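Quick heads-up: structures coming right below.
Shared between the two complexes below is chain A, which pairs with chain B and chain C, respectively.
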Partner chain A sequence: MVRSRRSRGILAALAAVALLAAACGGDAEQPREAGEEGDLRGGTLRVQMESFVHECNFDPTCEFVSYANMIHTNLLQRPLMNYRHVADDPGLEILPDLAADMPEISEDGLTYTFTLKDGVMFAPPVDREVTSQDVAYAFQRMASQQQGNPYTYYFEGVIDGFELQKSPAEDVEISGIETPDDKTISITLSDPVPDILFRLAMPGTAPIPQEVAGCFPQSGEYGRFVISSGPYMLEGSEALDISTCDSMEPIAGYEPDRTLNLVRNPNYEPATDSPEMRSSNPDRFELSVNTNVDDIFNRIVAGETDTSPDDPPAQFLRQFAEDRERLPSNPVDVLWYIVMNLTQPPFDDIHVRKAVNLAIDKDGLLRAAGGELVGEIATHILPPTMGGLPSDEYDPYATEGFAGDVDLAMEEMAQSAYDTDGDGVCDAPECSGILHISRNEAPWTEFNPIIEDNLAAIGIELETREIEGGSAYELVSTTSENVPIGSHGGWGKDWPDASTFFEALFTSGAIQAGPGVNNNTGLVGITSEINEERELGIEGNLEGIPSIDAEFEECVAMELGQARLDCFNEVDRILMEEVLPYVPYRWDEETHLISDNITKWEFDQNAGEMSFAHIAVAS
Partner chain B sequence: MTQYIIRRLMWVVLVLLMITLIAYVIFFVMPPVDPARAFAGKRPTPELIETLRHQFGLDQPFYVQYGRFVQRLFLGDEYGWPGFGFSYATRSPVREELFQRAVITIQLGAGAAVVWLLVGIPIGIVSGIKRGTLVDRAAMGFALFGVSAPVFWLGLMFLFIFWQKLGIAAGTGYVALSENPVEWFGHMIMPWIVLALLFAAFYARMVRGSLIETMGQDYIRTARAKGLSERRVVVKHGLRASLTPIVTLFGIDFGTLLGGAIITETVFNMPGLGTYVVQSVFRGDLPATMGVVVLGALAVTVMSLVVDIVYAYLDPRVRYT
Partner chain C sequence: MTQIAAEPFPAPEPHAPEFDAVPSTQVEGRSPWQLFWSRFRKDRVALAGLAFIALLVAIALAAPLIAELVGHGPNDRFQREMTDEFGLPKGPTGEFWFGADQVGRDVFVRIVYGARTSLAVALGATGAALSVGIVLGMMAGYRGGWVDTVVSRTVDIILSMPVLLFAIGIVAACSTTAEGCLGGLVKPGFRLVIFVIALFSWPYVARIVRGQTLSIREKEFIEASRSMGAGGRRIMFREVLPNLMAPIIVYGTLLIPTNILFEAALSYLGLGVPQTIPSWGRMIADGGALFDVAWWLMLFPGLFLLATTLAFNLVGDGLRDALDPRTQA
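On to the complex of A and B.
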């Protein structure tokens, strides 16, 4: 019972606070307008994510991660070539986008001439037609050293005269790119490159207006001023004052680490596009950061947000496991693997590497990661979605239920010099205290006990160090660190060609010195000469390390098609049976939780993300 | 007093320099990630990484980098004064982002401070006066809960109960006061309460203990003997003396909060300094990280000075020269 006036006053105040919170708490129910039957246009797609994961502040000249790639190629950028932004094989087929048609190719296969479509316009405030010079300028930006961007790798030595130059972009000269008129651009290669059209579909090659981007010479700076040539634009683009560089203020629609809002580009002409490439259904896209991951998915369930590119936490996977319409799942072209350094004992012995492949409980790793909703067990390197063989057709280290087989592993280990008494257990001094680098986050923290136990059964004692993901990559990628084994890593394609899985990961040319730059972490093809010449700082066994360089060169010279794919599948077999730097354990799947507001769901196989180009919402 | 304040302000500068130097050393000795490598993409080359290191100024010796940082801080840079350089992640001036986020963190901290003072001090007073009664036990039970419950758990429970289940709260996120005051309040009330509970509980215990000790003093007995009302004895004579340690504590606590309430901001998705510094550390964004370090250190040292000045007002025996 309230005894004093003061106490009653306090209670009254608290009650008032509660009433006020109730009055302004909770979003009021918004009337949902269902579109007319068959009409998918309209509405706002609301997406939340823990962070934007922009590698380069959304600047198309240097942005390459899947999500930003998807937004640029689906909504904002019209490169010469593009994809359908749909799932599976049709989503990996290359089509002309800004180009009116497939290019004319010279007889020697070196010069590709494109004619641009009429009527493709930059969004406000640029308000003019895209020209071939705008495409050329995009390449100049990539070749300007001031930009410091990662695209240089894809074109240096590929396009004639494309090399890193110290000049600002507008002064860069690339002899292999010519623009005889506003509608024509020809690109001449140094040597035939069968996958060049895929490279020309990357967002960095899309046209860029120099009158805006010229004010931002360093990579990442242009990200808050991106001018669209696609069906959507950054909200507030029309307010950008482009009269001088100093007058430009960041476009309101993109606030790094907070919001990214896209609205229709009023200058976009659907007749210059194709519905199979872009449906452009929603009127608006609202992307926002939410640092509370559980809250993101609670909001999706409550209908306050439509979807997220983040992986749904386990409780949501369980909740919606039977409602696959709310939980669509698509295979992406990503491999997760354990890497063994071929120069570091005991992994410099192929019998040990084979024993490890036989011992690992891949089914356990998959279940620890979330089960079949997060992927399928990988039995070799090239994912089936990239043309690799399905697991039931090729599994060189098959075990019952993919659970690993200690007996088979011990049989293999007994053939190794590190098993001194031939009992199937690694017992040499090199078998204990082996540094194992992994990540300090789920699901790797769940993987590590499995991996440790599996390898302990064949006598390999790991000392696991769990560190932040980026640091793990950097450490294992630094050749001079001589890390024996790492389970932190995964790899996804750059474009839908098998070469992008093999070149960076397994050719000796890809091995580089310096912190965090080497992707060939197994050191396939390394020799003492390479180690010395490139000052890699590798200390270990450098003799007799197998190489796939010759096989790779043979495959990459082939024209696109089945023969090329067969060639790369053979490289995969060689890697799995004769080189074996990896234990591949999962081909990834992207699973999304979506709200009832989404009336049409589509997946962009090339970007490995939901397809903004075709998604539709009710309101 | 003026001389004292000037001397203390000079100490503020020295403390700032020491703290920023330590932070810089930590960043160099134990970098979370090489920012140049992080922004170099999937197929980095040593040349690309060198270019980025040059853009970020990371190719200079440590002492040169630190010297430039101090110079920018005190003299300003091309983006204004004070100068914090540009963010490696967003390629935008750190200054703008810092101040925008500081406003949000100040709102969060100030609101929580009001709540914890309004809740903690009265509870502590009532508990101190009614020592040994059921009211005292209930109050200290609340205090035990408040200091024991982790902030992240409290936040998640509040969201679950009031937003998800009851639907009476606004949920996560931030709406600017200028945009919609009612929605602003609706989004702030839960983070205020969650953040304040720990402090309220602690302050309740502090006030209780301090008041009990003060009320046992001779001058309190004298005041009662003079015939003053109990209310006057407690408020005018007891509280004034017992609240001085609370003033000191409040200054430090509030100053620390201004550096960013990381957990509360993360749970409630508030774009304040706390979430900013976490993102920046993980990305190796040194200028952004140092910006938050500077603001946080400044907040604590300035609040410490304010507290000392208020202390002199509360306790006439304290005189600064």
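On to the complex of A and C.
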């Protein structure tokens, strides 16, 4: 999914002291022993953030933002499968949550049958046990949204009979989902999909009570009425009058763009859950919006609030650089990159793209963003935390100190037709006035002088336009705009499988028309037939654009495991050496500042955010 | 944004030769400009402002030379020398007189180049606003009728718009597509900034010019010209315009600092000149986030902005006092 978190109110530099080795080794804390649990229970966790960044008003059926996903999967929703919500590899393993056990899989590998646990209850006022029909209803809601819904893409063509329909959720029929009784659900796929269990861990697939959600069919409406099946619920849920649709008033605990308060769900039965997945320590979670980021962190230091998902401004990092207890840091499965549109001159020539990769001062970009602890330099696409090769093992465009090398870049440029006199400097008319989309906030405002300078040295004159993050994504993702180069973008995994780093970004099937829809912004695999068929409006060089569709199809059909990972690493290599739509420059590190009040800190590797499931506070 | 005070400015009387009641050995008629200069020169504060402006213009013109003397260009990055491992910049040193910014650029050299930006945009936009405002104001005042109505209502509408909101809107709307607005004519950048500033400045000029023209129009020498057969255009440009020069100079001079601040505001909001061109407003915006650990990023551009605006305002006031025949010399 696109990284929106870093686009909001981000101030200049981040840093923390942890080296990658320490971060890899240090933060995977196990839940404490039963004897110590009493010490960790209770208290209120207070979080302030510049914005909730809700793309769909917290409605689990369509909300796709990482922090909201963390809150849902950690505290409010119990999908069939889930994660432990801890750091590093243990946090990426999939386990049954609502399901009593791993599913029974049919001979042909197409039908997955789950038995639900007993005693999992919806919060008040619904006050009843969760059934398999509630799970089926969640899928019906995903298939019935009138507006764009990010989940449809993951189930259409995957689950038999799952198609986006105009009818209301209760009338949607999905032939591949069957509920023979209250405790059994079977899901049938059209073709074998090895990562199907990950898809069934997404918060949108968790059970939803039709008696409440049925009143709110529009995307986002249900967000103010979310009924929990997990250990916590929206404060004030019990006051909801569910006698009729009209009698329901928004639950007090969630005020969009202002506050989000969660309290314990009295109907939650810990025996139906596992402490390794949820410790449920605090009695209460108080989230609020504070648009002044400096103020947020001043309050954390003063103890008036406990933490924030926003990046700490440089002065706070410098202040706490020696005190790593207060400044935990975790590598996140995120890549930041510069994208070159393969159809737009001069980037339609691979020599130019290679020259650009050699010219960019990645070390300078990292320094400008805050140094070694905002992340590490990316040398290819798949982050090491997702199983990609570390930078010292694979760096196809290596330069001294990652600082870029003008001479090497010029050597490469000299081989391009756009360098008419072969002197290593782009001099054809296509080399100047190139529109470059970037963001109008830190650290991009510091990146742009570096990028412009680096490319000017090989004769590429950029016309940089700095715009707001969401608008930048929308503009570059609109195929008909034909933007040649953009440095606005980042990408995080959708679930812990390498395929989520390649499908949306590099397969031709993912290229779609419409404003802000396309994530394959390099247009890898595009042909003039596709351009016409899907009415993409691309104007440029559409001949001979390389594609990785075949290689991707091969890898995605493989069973989970080392062979599949090796297959995707090979796709990464092909992309970096033969296709090269990107200049990857950073793999992220997520750093938080925490108050004294937090007695136990944990990180949810799957969500890429702090772990509400395991955090503990003193009071 | 300050509005230019709409105080009535009496049209200067056409000059008649001076008579000396007492014959003396030296009888010299002084030209209007000599009169003006002798009055202006007594205003110490205005002279100080003028001196500062002259210095600023000199610095702006000599910017490349200064950069060469100092050894740093405005966009040369010294990241490894002047930023620490957290990406935070280092303050004033012997080599970097005003410190460095987040990517290690020399703040002093950028201030010098920023003077160019402020002056170029302000003068360009003011010049455009004056041209449009004078022509339309004269036409409205002299011709009256529907021309006056159209111009005056347009002036009223533009003057009642929330300027910054519209500027934000125009620039934002014209940056959402690759091409920009009006088929590529209106794109974020230098030209758009000047266009937006001029767009919101010309109504002030037009309204004042129109008022002045209305009173000049009734004077006898205009009637005399008309009776000799001079056409409207000739009268406007040969008779009316020269008598408008005094108020135009004053208000033009007072318009410049307004436009300098407008450009700074646009740049602060990220709607100004592209980042490769140093701008004081942009420097203040970029420095804001770090003001408690890197005070030099905001202080120096802020001081220069203040001093420049003050200087132009003082000169403008001095001009007005010197050109107004009603005040005592």
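The rule is simple: the second predicted complex is superposed on the first by the 577 of 619 C-alpha atoms of A that agree within 3 Å, B and C clash if a C-alpha of one lies under 4 Å from a C-alpha of the other, contacts with A are read in each partner's own complex, and residues count from 1 in each chain.
Quick note on the criterion: contacts are C-beta pairs under 8 Å (C-beta built on N, C-alpha and C of every residue); 3 or more make two chains touch, one makes a residue touch a chain.
Since this is a predicted model, take the numbers as computed values, not measurements.
Q: Using the superposition on chain A described above, determine whether A:504 touches chain B (first), chain C (second), both, or neither.
A: first
Q: Comparing chain C with chain B, which touches more residues belonging to chain A?
A: Between chain B and chain C, B touches the greater number of residues in chain A.
Q: Is A:446 touching anything from chain B or chain C once the two structures are fitted on A? First, second, both or neither.
A: second
Q: Could you tell me if A:256 is touching chain B, chain C, both of them or neither one (first, second, both, neither)?
A: In the superposition, A:256 contacts chain B only.
Q: With the two complexes superposed on chain A, say which partner A:314 touches: chain B (first), chain C (second), both, or neither.
A: second
Q: Where does A:368 make contact in the superposed view: on chain B (first), on chain C (second), on both, or on neither?
A: Only chain C; A:368 stays clear of chain B.
Q: One more residue to check, A:471. First (chain B), second (chain C), both or neither?
A: both
Q: Using the superposition on chain A described above, determine whether A:481 touches chain B (first), chain C (second), both, or neither.
A: Once the two structures are laid over each other on A, A:481 reaches chain C alone.
Q: Looking at A:295 after the superposition, I want to know if it touches chain B, chain C, both of them or none. Which is it: first, second, both, neither?
A: After superposition on chain A, A:295 lies in contact with chain B alone.
Q: Jot down the residues of chain A that show up as touching in both complexes, chain B in one and chain C in the other.
A: 471, 474
Q: Looking at the complex, which residues from chain A come into contact with chain B?
A: Of all residues in chain A, those touching chain B are 10, 17, 20-27, 51, 54-57, 59, 62, 64, 145-146, 148-154, 164, 218-221, 223-224, 250, 256-258, 289-292, 294-295, 298-299, 302, 304, 468, 470-471, 474, 494, 504, 512-517, 519.
Q: Residue numbers of chain B touching chain A in their complex, please.
A: That would be residues 32-34, 37-49, 51-52, 55, 87, 89-92, 97, 122, 156, 159, 162-164, 167-173, 182-183, 185-186, 189-190, 265-269, 271, 275-276, 279, 282, 284 of chain B.
Q: Under the stated contact criterion, what part of chain C meets chain A in this complex?
A: 75, 77, 79-80, 83, 85-88, 102-103, 105, 172, 175-178, 187-189, 270, 274-276, 286, 289-290, 292-293
Q: Which residues of chain A touch chain C once you look at their complex with the stated criterion?
A: 11-15, 313-315, 317-318, 321, 364, 367-372, 435, 440, 442-443, 445-446, 448-450, 452-453, 463-467, 471, 474-475, 481-483
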